[in-house]
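Below, each structure is written out as C-alpha cells.
In what follows, subunit A forms one complex with subunit B and a second complex with subunit C.
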Partner chain A sequence: MTSLIRAFGGPLTCLILFFSGVWVLGLIAAPQIIMIDKSLWRMERPVGAAELSVQIDGLYNRLDLLALDRSTVADQPEKLAAIDTETSTIQAQIADLERAETTPVKTYTLDNFRQMGAAHFAIFVRTILASLAVSALALVVCYPIAFAVAQLKTARTAALIMLMLVVPYAINELLRIFAWQMLLGPNGPVNAVLSALGLPAVPFLESGAGVFIAMVYAYILFMVFPLYNVLETLDKNQIEAARDLGAPVWQIHRRVVIPHARPGIAVGCIMTFMLSVGSYSVPYIMTRGTAAPWFTQLIYNRFFEATNWNVGAAYALSLLIVCMIFVFLMMRLLKVSLKDIAK
Partner chain B sequence: MTGQTIGMEIELQRASVRFNRFQAVQPTDLTIRAGEFFSILGPSGCGKTTLLRMISGFLEPTEGDVRIGGRSMLGLGPSDRPTALIFQNLALFPLMTVWENVAFGLEMRGWPRAKRRARAEELLATVALADHAGKLPDQLSGGQRQRAAIARALAVEPAVLLLDEPLSALDLKLRQHMRAELKQIQARTGITFVYITHDQGEALTMSDRVAVMNKGQIIQIGAPARIYDHPGDSFVATFVGEMNALPCKLTESGPIAQCETPLGLLRASNPNALPASSDAMLFIRPERLRPLSPGEEAENTLPARVTRRDMEGAWSMIVTEAQGRKLLVNMPNDGRGAPPEGEVRLGFEAAEALILPKGEISHD
Partner chain C sequence: MTHSPRGGRQAGDLVLHVYMLLFFAYMFLPLIAMMLAGVNDYSPPSITVWKGFTLRWFSALWQDARMWSGLANSLMIAGAVVALSLPMGLAGALLLSKLGRRSAGLLYIIMVSPLLTPGLIIGIATVTLWSQLGVSGGVLTAILAQSAFISAYAMLMFMARLQRQDITLEEAALDLGATPARAFRRITLPFLRPTMISAAVIAFLQSFENYNTTIFSIGGDHTLVTEIGARMRFGISPMINAIGIIFVALTVICAVLWGVLRKRGIARQA
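Showing the complex of A and B:
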C-alpha cells in the first residue's frame, strides 16, 4: 500500500484501488455469487398449505350460511348489520389466508441440482467429452505449427505467419460459423467434392461432426498463441545440444521441447476447453436443432424457455465446477503453477 | 576418465561454406592432429563458428570434405559423428537435474536408468561436482555449470570435443581458472579439443596450436609463441596481442631491412624479404619498445612524449606520442619506475621489430 502510494502518488493510488475493487467485486465476485445463490434456492408452497385450504373452505361455508341467514332476516336492520360485519371480517380473513396459501416461500435446497434427468446428464457428459476432444485436436494441430513458426530464423516471417493466422479472426465469429455451415452443408462444397469423388455424402451438420470441426476452427487461435509464446522462448541451442548428444526428433520433443512448453500447453488447453464447453453460437448455428444440443443450449432453455432460473443457475454452476476441475487437473498434470500460467 | 576415448584427427579438404551469396568459409585445407588442443582464433563474424558447425555436423560443407579419424563425415548428422559440442551458452537442459543432463546422451543410447546414473555420478566426480548431482543447472555457479556441460559432453565418449567460446560468460578470475582445468581435462582424456575463441589470451595459454582466422579464411597456423612472435601478416600481427604499427617504405632490403617511416629511418627484420622501395608496415610489440635512460643507446631510437601511464600492477602501459602517432610501451614493474610524463627517448633492437607487407589492420 505504502509502496503503491510511493510509486504512483495518492490520487492515482486511489484510482487504481477503486478500479481494482470494481473489477474484483463487479466482474468476478458479484455475478458468481448471484448465480451460486440462485442455484441454491427455489420457491415452494408454504408449510401447512393443506390445513390452510381446509380452513379456507370452512370459512367459505360460513359465508354461504351467512348469505342464507341474511335473506331470512331482511326486515331486521339490527341483525342485518351484525351479519354484514361478520361477512366482511370473514372475507378479510379469507383474503389473508389465501395469500398465505398461494404466496410461495423462498427455500434453500440442493434440489435444483437433482433436476437434471438422465437425458440432460448424457448431454452434459457428451459436451464435456467433446470439448476435451476439441482441446486435444487443437493441441495436436497447433503444436507442429507453433513449433515450426518458433523455429524460423527471421522474426519477420514469424510475424507475418502469425498475422495471417489472426486475419480470419477479424471477421465476426457468427459469420465465420455460418461460412462453415455452408461449407459442410448437404449441398456445400465439401459434400460436392465427396460426391465428385464418388463417395457418399456425409451429414456433417446432422451428426454433430460439424460442431466439432467448426469449434476446432473457432478456438484454434487460443491454442496457437500460448504455444507459440513459450516455444519462442526455447533456446535453440537446447535442441541442437540434444541432437548432438544423439537424441532422435521424438526424443528431443519428449525430453526438451514439451517440458519447456508445459505452461503454454496448459494455458492453451484450458482456454480452448473453457471456450468450447461454454460455446453457444457454434452448436446453435451448426446444428439448428438437427443434432443433439450442446449443454449450453440446455442452460439457455432453462433460463428463457422453461423460465426456471434456479435450475438454469444450477446447470450453469455444474458446468463451472467441471471447468474448475479441468483447470486444476491440467495444472497438476503438467506440473504448472499459477505463476507459470501468468507468465 | 575411462581412458578408452582417444582423440581423432580432423581433416578439412577444400571445405567451404556458402550461405546464398555470402561465402562464410573460404575453401580451407586444415589438419588438426589427434589429441591436440587446437584453437581457432578470430574476430566475431570471421567464420570460426561456421567452421565449427561444419565439423560438428550441424552444417554440411558447400564444397569439399570433412574427415574425422580418416572417415568422410559428409552426410552424417551431429549425432552420428564422434564429436561433442559445448555451446557458448552451454545449453544445459534447465528442467533436468545435473545428473540427468550428464546422462542425457546415455539415455538416448538406451542405457538403463541405474547404469546411466552411476556413470553420470562417476563423470561428475571427475569434474568435482559429485555433491551437486541432484541440483538443477540454475542452482549451480557459473564455473560449476561449465564443468557440468563438459561432463555432459564427455559422457558420450567423443573423440573430438568442440568448444564454442564456452568461457566467454565467466568473470576473469574464473575464466583463468577454467583455462587450466580445460587443459588438464584435455591432457587426461587425450581427446582432440577444437576451441573457438575471439580471446587471444585463451587461445595462447591453452593451445598446442592456434589458427588465426579472418573473413572466412585461415591466415596462419602455428604454436602460440610462433603466432605471437612471428605473425605472418599485418592482420595477425595486430589482432593477436597489442602492437604498434607504422607505415613505412623500404630504402634497403635484406634480412634486416631499413625503411623510411614518419618517425625517421628505422631498421627491422624483414622475414618476407621485401625488396627495396616497397610499401610496407613496421610492427613493434609494446614490451619490446623501451624508454631509454640518458646516454643509453639502441639500434633504433625515437623521440616521443609520455601522455599517460596506466599502472596494471606487475607492469605498466605507457602511452606515448611521437609526431602525432600513438605508441604503446609496456614496462615491467621492476622497481626502476616508469618515466614521468614529458619528453622521453624510446629504443628497440632491429631483430625485435618486423616489416610485413601492407595489409589489413585489426582495430580490436
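Showing the complex of A and C:
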C-alpha cells in the first residue's frame, strides 16, 4: 500500500484501487458469490404448513357455524352485531394464516444439486467425457503439426504458416461450426459421398456425432498455438544431440520434446476442455434440438425456460467445479504453475 | 532397417509435410465450402446442388433490420468493453507490479480466473447478480460480463509490457524532482501506449466476436453474433453464408495487415 503511494502518488493510487476494485470485486467476485449463494438455497413451503392448513380448516368450519347462528338470531340486533364482529376477526385470522401457509421461505439446502436426477447426471457425465475426448484428440492431431512447423529450417516460413492458421482461428466460432452443419447435413457433401460409395446415409446432426466433429474442428486451433509457442523455443541442438547419441524418434519425443512442451500441453488441454465442456454454440447449432442435449443447454433451460434460477445456479456451479478440478489436475500432472498457463 | 538414418529422416519429414498439408485442407476446405454456398443461387445453403452464382443473399442481408440493430448493439457493447477493460486491466497490472509476493499471487489468481472459467458461467453469474439488484439481462449486463474476462487479457498484456520497462528512467525522473504522478504520466504511460493500442484492438475483437458469455447475459436483446447464432440453428437462408464471406474477408485483411505491420516493426528494430 505504501509502496503504491510512493510509486504513483495519492490520486493515482486511488484510481488504481478504484478500477481494480470494480473489476475484482464487482465483476469477478460478487457475481460468483451470488451465484454460489443462489445454488445453495431455494424457496420452500414453510415448516409448519400442514398444521397451519388444519388450523385454517377449523376456522372455516367456525365461520360456517357462525353463518348458521346468524340466521337463527336475525331478530336480535346486538347478537347479530357480536356475530358479525367475530366473523370479521376470523376472516382476518384466516387471511393471515393463509399468507403464512403459502408464502415460501428461503431455505438453505443442497437439494438444488440433487435435482439433477439420473437423466441429467448422465448428460453431465457424457458432456465431460466427450470434452475429454475432444481435448485428447486435439492434442494427438496438433502435436505433430506444432512440432513440424517449429522444426522448419526458416523462421520466415514458420511465421507465414502460423499466420495462415491465424485466419481460421480468428474467424468467428459460429461460422466454423456452421460450415460443418452444411457439410454433415442430410443433403450435404459428406452424405453425398457416402451414398456415391453405396453406403447408407449417416444422421450426423441427429446422432450427436456432428456435435463432436464440429467441436473438434472449432476448438482444435486452441491446441495448436500454445503447443507451437513452446516448441518454437526448444533448442534444435537438443534434438540433434539426442539423435547423434542414437536415440530413436519416440525416445527423442518422450525425453526431450514432450518435457519441454509441458506448459503448452497444459494450456492447450485446459483451453480445449474448457471451451468444449462450456460450449453452447456447437450443440445449439449442430443438433437443432434433435440429439441429446449438452450440459450447457440444460443450464440455459433452467435459467431462461424453466426459470428455476436456483437449480440453474447449482448446475452452473457443478460445471465450474469440474473445470477447476481439470485445471488443477493438469497443473499437477504436468507440473506447471498458473503463471505458465496465463501467458 | 534398410534405410540409412538420413533416408529415414527424410521419409519422416515427408510424412510430416503431407500431414501438415492434410491439416491445412481440413482447416480451410469447410470454410471454403461455407463461402461457396453463400454465392450459390439455392436455398437452403448447399454446395451439392449448384444453381449458379448470385449476390442476392448479400442484398437480403443488407435489408435485414435485425442484423443492423444487432450490429449497432455489438459496436456499442464493444466500445463500452474497451472503455472499461483498458483502465481496469491497466489498474490491475500496476497494482500487481507493486504488491508483495504473497498478496500479488492471490490477486493474480483471482484476476486470471475468468480466463479459466467457461464463458457461460461468467455470463450467468453476472445476470444472477444484477437481477438481484433489479436489473434484468440486456446490453448492460453483457458489457459487464464481457469486461470481467476481457480485462484479464488487457491486464496480461500490460503486465508483459511493464516487465520490460527500464525502471531507471522512472527513477531518474523521481530523482530530478518529478512527482510520482508526473513521472507516471511522462514516462510510464508513453511507454505503455503501443500496448494500449493492441489491447484496445484485442478487447474490441473479443467483445465483438463473443457468443458464449453474451448469449447467457444479454437477456432479450441481441448482438450481431447472437442473431447469427439464432439464424444458423435452422440454417434456412444462405444469408448466413453471405455474412460468413464478409467475416472471412475481414479476418484475412486484418491478418495480412497485422503480418505486414509486424514485419515492418521487426525491420525497424533491426
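In this text, the second predicted complex is superposed on the first by the 322 of 343 C-alpha atoms of A that agree within 3 Å, B and C clash if a C-alpha of one lies under 4 Å from a C-alpha of the other, contacts with A are read in each partner's own complex, and residues count from 1 in each chain.
As a convention for this text, a residue touches a chain if its C-beta (ideal position, glycine included) is under 8 Å from a C-beta of that chain, and two chains touch if they have at least 3 such contacts.
Remember, it's a predicted structure, so these values are computed and weren't measured experimentally.
A.B. asks: For the overlaid complexes, name the partner, subunit B or subunit C, with more touching residues on subunit A.
C.D. replies: So, of the two partners, C touches more residues of subunit A.
A.B. asks: By the touch definition at the top of the document, which applies to A:T272: first (subunit B), second (subunit C), both, or neither?
C.D. replies: In the superposition, A:T272 touches no partner, neither subunit B nor subunit C.
A.B. asks: So, A:L245: does it touch subunit B (first), subunit C (second), both, or neither?
C.D. replies: So A:L245 only meets subunit B here.
A.B. asks: Thinking of the overlay built on chain A, is A:Y217 touched by subunit B (first), by subunit C (second), by both, or by neither?
C.D. replies: In the superposed model, A:Y217 contacts subunit C only, not subunit B.
A.B. asks: Taking the superposition as given, does A:Y280 touch the first partner, subunit B, the second, subunit C, both, or neither?
C.D. replies: In the superposition, A:Y280 contacts subunit C only.
A.B. asks: Contacts for A:L27 in the overlay, against subunit B (first) and subunit C (second): which applies, first, second, both or neither?
C.D. replies: second
A.B. asks: Of the two partner chains, subunit B (first) and subunit C (second), which one does A:V256 touch, if any: first, second, both, or neither?
C.D. replies: first
A.B. asks: First (subunit B), second (subunit C), both or neither: which does A:S135 touch?
C.D. replies: After superposition on chain A, A:S135 lies in contact with neither partner.
A.B. asks: Which partner chains sit in contact with A:S318 here, subunit B, subunit C, both or neither? Use first/second/both/neither.
C.D. replies: neither
A.B. asks: Using the superposition on chain A as set up above, list the residues of subunit A that contact both subunit B and subunit C.
C.D. replies: Overlap of subunit B and subunit C footprints on subunit A: residues 243.
A.B. asks: Under the definition above, what is the set of subunit A residues touching subunit B in their complex?
C.D. replies: 235, 237-238, 240-248, 251, 255-256, 259-260
A.B. asks: Taking the complex as given, what residues does subunit B use to touch subunit A?
C.D. replies: Of all residues in subunit B, those touching subunit A are 56-58, 77-79, 83-85, 87-89, 91-93, 95-96, 104-105, 107-109, 152, 155-156.
A.B. asks: Can you check the complex and tell me which residues of subunit A touch subunit C?
C.D. replies: 3-9, 11-12, 15-20, 22-24, 26-32, 34-35, 38, 141, 144-145, 147-149, 159, 161, 163-168, 170-183, 185, 187-189, 192, 217, 221, 243, 249, 270, 274-275, 277-281, 284-285, 288, 296, 299-300, 303, 309, 312-313, 316, 319-320, 323-324, 327, 338-339, 341-343
A.B. asks: Per the contact definition, I'd like the list of subunit C residues that touch subunit A in the complex.
C.D. replies: Within the complex, subunit C contacts subunit A at residues 5, 12, 16-17, 19-20, 23-24, 26-28, 30-31, 33-34, 37, 45-49, 87-92, 94-95, 98-99, 107-122, 124-129, 131-132, 144-145, 147-148, 151-152, 156, 179-181, 184, 205, 209, 211-212, 215-216, 225, 228-229, 232-235, 240-241, 243-244, 247-248, 251-252, 254-255, 258-259.
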